[in-house]
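Before I ask anything, here is the structure I am working with.
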Amino acid sequence: MSTYGEKLRIDDLHAFYGESHILHGIDMNIMQGELVTLLGRNGAGRSTTLRAIMNMVGRRTGSININGNETINMPAHKIAHLGLGYCPEERGIFSSLNVEENLLLPPAVRSDGMSVEELYEMFPNLYERRYSQGTRLSGGEQQMLALARILRSGANILLLDEITEGLAPVIVQKLGEVLIKLKERGLTILLVEQNFRFAAPIADRHYVMEHGHIVEEIQANELEAKTELLNTYLGV
Amino acid sequence: NVSDGKVKIGVLADMGGVYADICGKGCVTAIEMAVEDFGGTVLGAPIEIVSADDQLKPDVGSAIVRKWVENEQVDAVGGLVSSAVVGAATKVTTEAKKIALISTAASNAFTTKQCSPYNVHWTYNVVALANGTVKPMVDAGKKKWFFITADYAFGHALEGVATKVIQENGGEVVGAARAPLGTTDFSSYILQAQSSGADVVALANAGGDTVNSLKAASEFGLTQMMDVAGLLVFTPNAQAMDANTAGGMRTTTGFYWDYDDQTRAWSKRFMERHGDIPAMGHAGAYSMTMHYLKAIEAAGTDESDAVIKKMKEMKPDDFFSRNATLRSDGRMVHDMYYVEIKKPEERRDNNDIFKVVSVIPGDQAFAPVLPECDFK
Amino acid sequence: MSADYVLETRNLVKEFKGFTAVDDVNLQVTRGNIHALIGPNGAGKTTVFNLLTKFLIPTTGQILFNGRDITPMKPAAIARAGVVRSFQISAVFPHLTVLENVRIALQRKEGNSFHFWRPQNVLNKLNDRAVELLDSVGLAEFADAQTVDLSYGRKRALEIATTLALEPELMLLDEPTQGMGHEDVGLVADLIKKVSEGRTILMVEHNLHVVSKLADRITVLQRGAILTEGDYATVSADPRVREAYMGTAASEEQDRANEQAARDAAAAEETQA
Amino acid sequence: MMKVNKLYVALLVLAVVAPFFLYPVFLAKLLCFALFACAFNLMLGYVGLLSFGHAAFLGTGGYITGWLMMNSGMTPELAIILGTVAAGALGAVFGKLSVKREGIYFAMVTLALAQLVFFIYLQAPFTGGEDGMQGVPRGNLFGFIDLSDNMNMYYFVLAVFLIGFWVIHRTIHSPFGQVLKAIRENEARAVSLGYNVNDYKWVAFTISAALAGLAGSTKTLVFQLASLTDVHWHMSGEVVLMTLVGGVGTILGPVVGAGVIVTMQNYLSGGELGNYVHIIMGFIFVICVLAFRSGIVGELQKMWKRNFG
Amino acid sequence: MATFLGINLFGLFGQLLVGLINGSFYALLSLGLAIIFGLLKIINFAQGAMYMLGAFAAWMALNYFGINYWAALVIVPLVVGFVGILMERFLIRPIANEDHLYSLLLTFGVALILQGLFTHLYGSSGMSYTIPDALRGGTKLPFMYLPDYRLWIICASVVVCGLTWWMIEKTKLGAYLRAGTENPQLMQAFGINVPLIVTLTFGFGVGLAGLAGVMAAPIYSVSPDMGSNILIVVFAIVVIGGMGSIGGAILTGLGMGVIEGLTKYFYPEASNTVIFLVMVIVLLVKPAGLFGKEA
């Protein structure tokens, strides 16, 4: 297979939290401009996969290749500079900073990130509350801030963990539109989603995880055909 | 006739705290020297030394002494520096009828309020300091005094005794500032002294407190405005002071190493072993131990009552004890020295600290025996 | 009004440094209902919850519980009065056993919680009741397990069992299904339905399926104020709600679901008849 | 369970025969500190709050008992009870002011309160200031058992220790203890279940303070002296060290830790190494924190679990 | 002499000024402590020992290497800061993920070791360090004689405190710092080298103590226990100011110096107690401290 346009390639990734072995040999690859989701039940190891890519787990082995750079032995703070943006599950808003400081916090890793104006336009709630302490925002507002924050940094590979969690349906809908726009701009997105209805129409491919393994890879066009299978994995 | 076949002396001192240089390891060395000079045995029994660090804490000191006398057959306890520790330790020795050989404590309580038939207090005490330092100055016309006093028993005692001396000689005390033990910044107290209009500012403190208070006094220009008298200045403290400010200050001491050939001879031996010149407590500890061992020899037993009786009968006489007697209350009375701290240009080297201004005869320095402490 | 309200708020207002998060809210929760509070992000739902449980102090306004003014009461006192809240993040005691978790809640009413001189086995008489409660949420077989080892969904179930132990008149649930997989969502929704018998539930929930399935009555908040109220069909048909909250896609889907529900209801009526 | 009981019986037998082989005053001191550490551990290990001011209670117990023995002609058991009550009362005041805070904040608040107490005792005339309260009589227990005999004293201290230890053991394994455990696990949840968590912490703090006072009262009788050392913040640090060395949150840990530290100090202060006491204690702190956070008893338990559990 | 209501006004002014001088010392010391606590959540019990180390380093620099005061003012904080960096790197970092109480105990141990070591090496009588020639002498004010050196201390400390406050509260670097202490993992994921920042911050906080040590050397005697005496007071100041509040630490430091000065004048016996008394009162009224945010 040609590696042209391959943004992220993971081979035999194992990850550990202390004694517990969470990921048991993950393989996946994502091409430029693709939007790929990771599906699975609670505790399947989807968040852990993202965290492992960012080197935020206890220990990891295998290979993670980002933009042609092997990162398995790279310190955590260098990984972002390869163009990665990570939006964590628990949002990670800083209480010691106000909303705007939170938004401006991540250093730009590429020059073509979205401007603050654009982001405020997309999330008017944030503009309204911009001098408020970060963690004083409502749950949903924090979620918006967490996403806006990495869009500004110009990262071109996005790792998004449950970004629709706790958001009102209108916003979820808007987010879907944003993701499609980002994809059109050529950004590569790895999405962990519980909300299958949200993910299905926008994704190119799906990986299904169970107990720290990838058990299935489904192309967007196979979705109809494999609905049954997916239901057994996800228990829908 | 020696109990349990040996004579054991415990040396209790502050080995690591602010008084470590004043007695500490040096007292152990001095007592070892005494035992060696005595020949290592008495009445055929070996003389042993144990030592311990009281950490300047009365509870630690009293616990150690208790262990020594109850559990380790110690016959006498020497060293004994901080008055607080000595007070607690002598309670235990007295109860156990063991002899306390107090070398460096300043308080006069051990032969007055807290006197005991088993206390022997050697080198000096606050009364001698006050008589030695204060009286000449009042006589010289310095009538108004201000005290900077260490805010604990020793400081209060020193201030009290000195106040008495001042008043008896026609002077007056215009104020006092009580500084907590271990104060590092004396500037507030110095300011109070400055605005008091006194002739003399007396430092009724010891060790690092004296050094620090003198330092602040010079910094705020107090030394140019009035006289400063250090009531208790040990040689190591004097060495630590800035010679420019300390030079010319007068104080009283029980011993000075460079006084005459006898003192120099002993001090040289001490210095070879210890590294530094001896402070008065070191010499006192040696002299007192020697006297104790001689008394055992003379009494033919190490039994405390007999030994203490002999100690009081025999006249101490060596390089340290000049014109000396050990009185019935346990107070050793001997010549004290009124000294002046040398100015930088007067010093040969770093050990050349004092020049002796006058010798104060023991009976003028120390207070008489109290009737209730007259142990025969 | 004469309806039987468990909980009422009168002109409830909460301001944060000039920002009004809750604006003159008059909420009425009828006894025995499952009452859902929905609204866009930042509408003030969590803040209302915090006011009700006294994690925040209202700027002005009153809170009545069974007609009694509970505005000045402290959080623990509110809980003792019968208003119990479940948390968004799972709230269990991780290193106690599952049984002990429930027992802690039962113990409070025993009145011996300050008895440090009595042996712990005086608590054993609570075990039967605890197991009963665990059984009601399907956890009886895990009674002796360490709570940390439970799966996410089971922890939620345990939390609900613990809450039930307090026999609350009014349960407040803040996004009870947040972060759950489909399977667990169903499980918890069923559970809520089950435990709602004989008590009142007020919940905040973004999952419209759950809301539509459970809620007897819905209050929609927007910008701190009540936008509209009613049952699910009414509310979801309101164009303002669609615009502010549901969005077009969701709304279309909702319409389908509503129709489906209407058909189901009709069918059910038919079979009953 | 049987094994644990056997262990307790063995330890008790050891404690009863020990004074025939070792210096009883030393053993009594050890027991006093063991009780002090156990009391402290009730807060740290079972409530999860590190008090850096427990010396205040040790000292208060000591001073009050000492003063009563010297001035009131009371029998020692009464003086000890009153000392304990006084420390408990002080603990109640401290607790009211501090239990609202957590973690490091709690540690700092208790430290500062204890400093206040330290300076009060430093200035108050009845304590003897830097000199300490010297020459406290041991008196006659119940009016007829002469405590100036070291053996009698020791067995009395042993009895006091056992009572204190039992109180702690009972507290931990009581309905109250169960609530404490829940609070430590998840405080917000405990609040939402209707528990006034601060009241529970406060009661625990008061019990802990009273028992620390009991230790101090007894210690004063043993040494016939109450001094500032017992109220100094270093003492608050030492009790942390003892607990840490023995094992935080284990019931026997503090006893073992106190044993190790007291023995070590006893050995060091008497010997050549006196100078190094601070350095060695410092190293023990550092090593414990870096390598043996579960302490001696904690590590043994872990080992036991690995091999037999 | 000017008096008002029986109070000697000149004496009072003098005490106020002296209080302010002490306060600027407190400010400098509590600033370092507050930075380390507020940003790293580490209670650095070794801060007092580092202050002592700073003073000793200045003394050693002068006596062993002939390095004068002004050079020491630059070199010593760097050296002490480096010691702090080593300490963070090899002792504190391994336990960074444990309960913060462990770092308190660890630094307490380090403080004991350092103090014990210096006592062992230099005894405890203290060393003297002379005031640099340029700052000898003083100014005669109507109510007191103000030594130039003390004036220098006030100025230097206010400048250092102000700059530090600005850097932490108002710059991007400060934002990184604050965020990095809250959620280091996430900040790493954003591409920021948090461990480095943490180490440098710790070094900086400790370096401030070193600086205070150098400044203290000429006026206090350089002794092993100089740090442990002042440490507890400084802790109280940080608690009063509101733990973690940088500005609070600075202002409270100055304020407490003045209050202490007044107490020394009106009721000297309470001068050691007054700070703790203030602390208890403040905690009763505002549990988070004067400038602290409620947790």
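A, B, C, D and E label the chains in the order they appear, each numbered from 1.
The criterion applied here is as follows: a contact is a pair of C-beta atoms (placed from the backbone, for glycine too) under 8 Å apart; a residue touches a chain by one contact, two chains touch by 3 or more.
All values reported here derive from a predicted model rather than from experimental measurement.
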(request) Tell me which chains count as touching both chain B and chain C. (result) D
(message) Treat touching chains as neighbours: how many steps, at the fewest, connect chain B to chain E?
(response) 1
(message) So, comparing C-alpha centroids, which chain is the farthest one from chain C?
(response) B
(message) Report the chain whose CA-based centre is farthest from the CA-based centre of chain D.
(response) A
(message) Just the number, please: Cα centre separation of chain A and chain B in whole Å.
(response) 77
(request) Could you put a whole-Å number on the gap between the CA centroids of chain C and chain E? (result) 50
(request) Go ahead and note the Å separation of the Cα centroids belonging to chain B and chain D. (result) 38
(message) For chain A versus chain C, what separation do you get between their C-alpha means, in angstrom?
(response) 30
(request) Quick one: which residues in chain E touch 2 or more of the other chains? (result) 116, 119-120, 269, 272
(message) Give the residues of chain D touching no fewer than two other chains, as numbers and ranges.
(response) 122, 275, 277-278
(request) Name the residues of chain B that each touch 2 or more other chains. (result) 16, 180
(message) Can you work out from the touch definition every pair of chains that touches here?
(response) A-C, A-E, B-D, B-E, C-D, D-E
(request) Over in the complex, which chain D residues touch chain E? Could you list them? (result) 50, 97, 100-105, 107-109, 111-113, 115-116, 119-120, 122-123, 233, 237, 240-241, 244, 275-279, 281-286, 288-290, 293
(request) Would you tell me which residues of chain A are touching chain E in their complex? (result) 54-56, 75-81, 84, 86, 88, 92, 94-97, 101-102, 104-107, 109, 153
(message) Could you list, by residue number, the parts of chain E that touch chain D in their complex?
(response) 37, 41, 43, 91, 94-95, 98-106, 108-117, 119-120, 232, 235-236, 238-239, 243, 269-270, 272-273, 276-277, 279-280, 283-284, 287, 295
(request) Quick one: which bits of chain C touch chain A in the complex? Just the residue numbers, please. (result) 16, 19, 39-47, 88, 151-153, 175, 178-184, 206, 208, 243-250
(request) Would you mind writing out the residues of chain D in touch with chain B in their complex? (result) 23, 25-26, 29, 122, 128-132, 134-135, 150, 223-230, 269-271, 274-275, 277-278
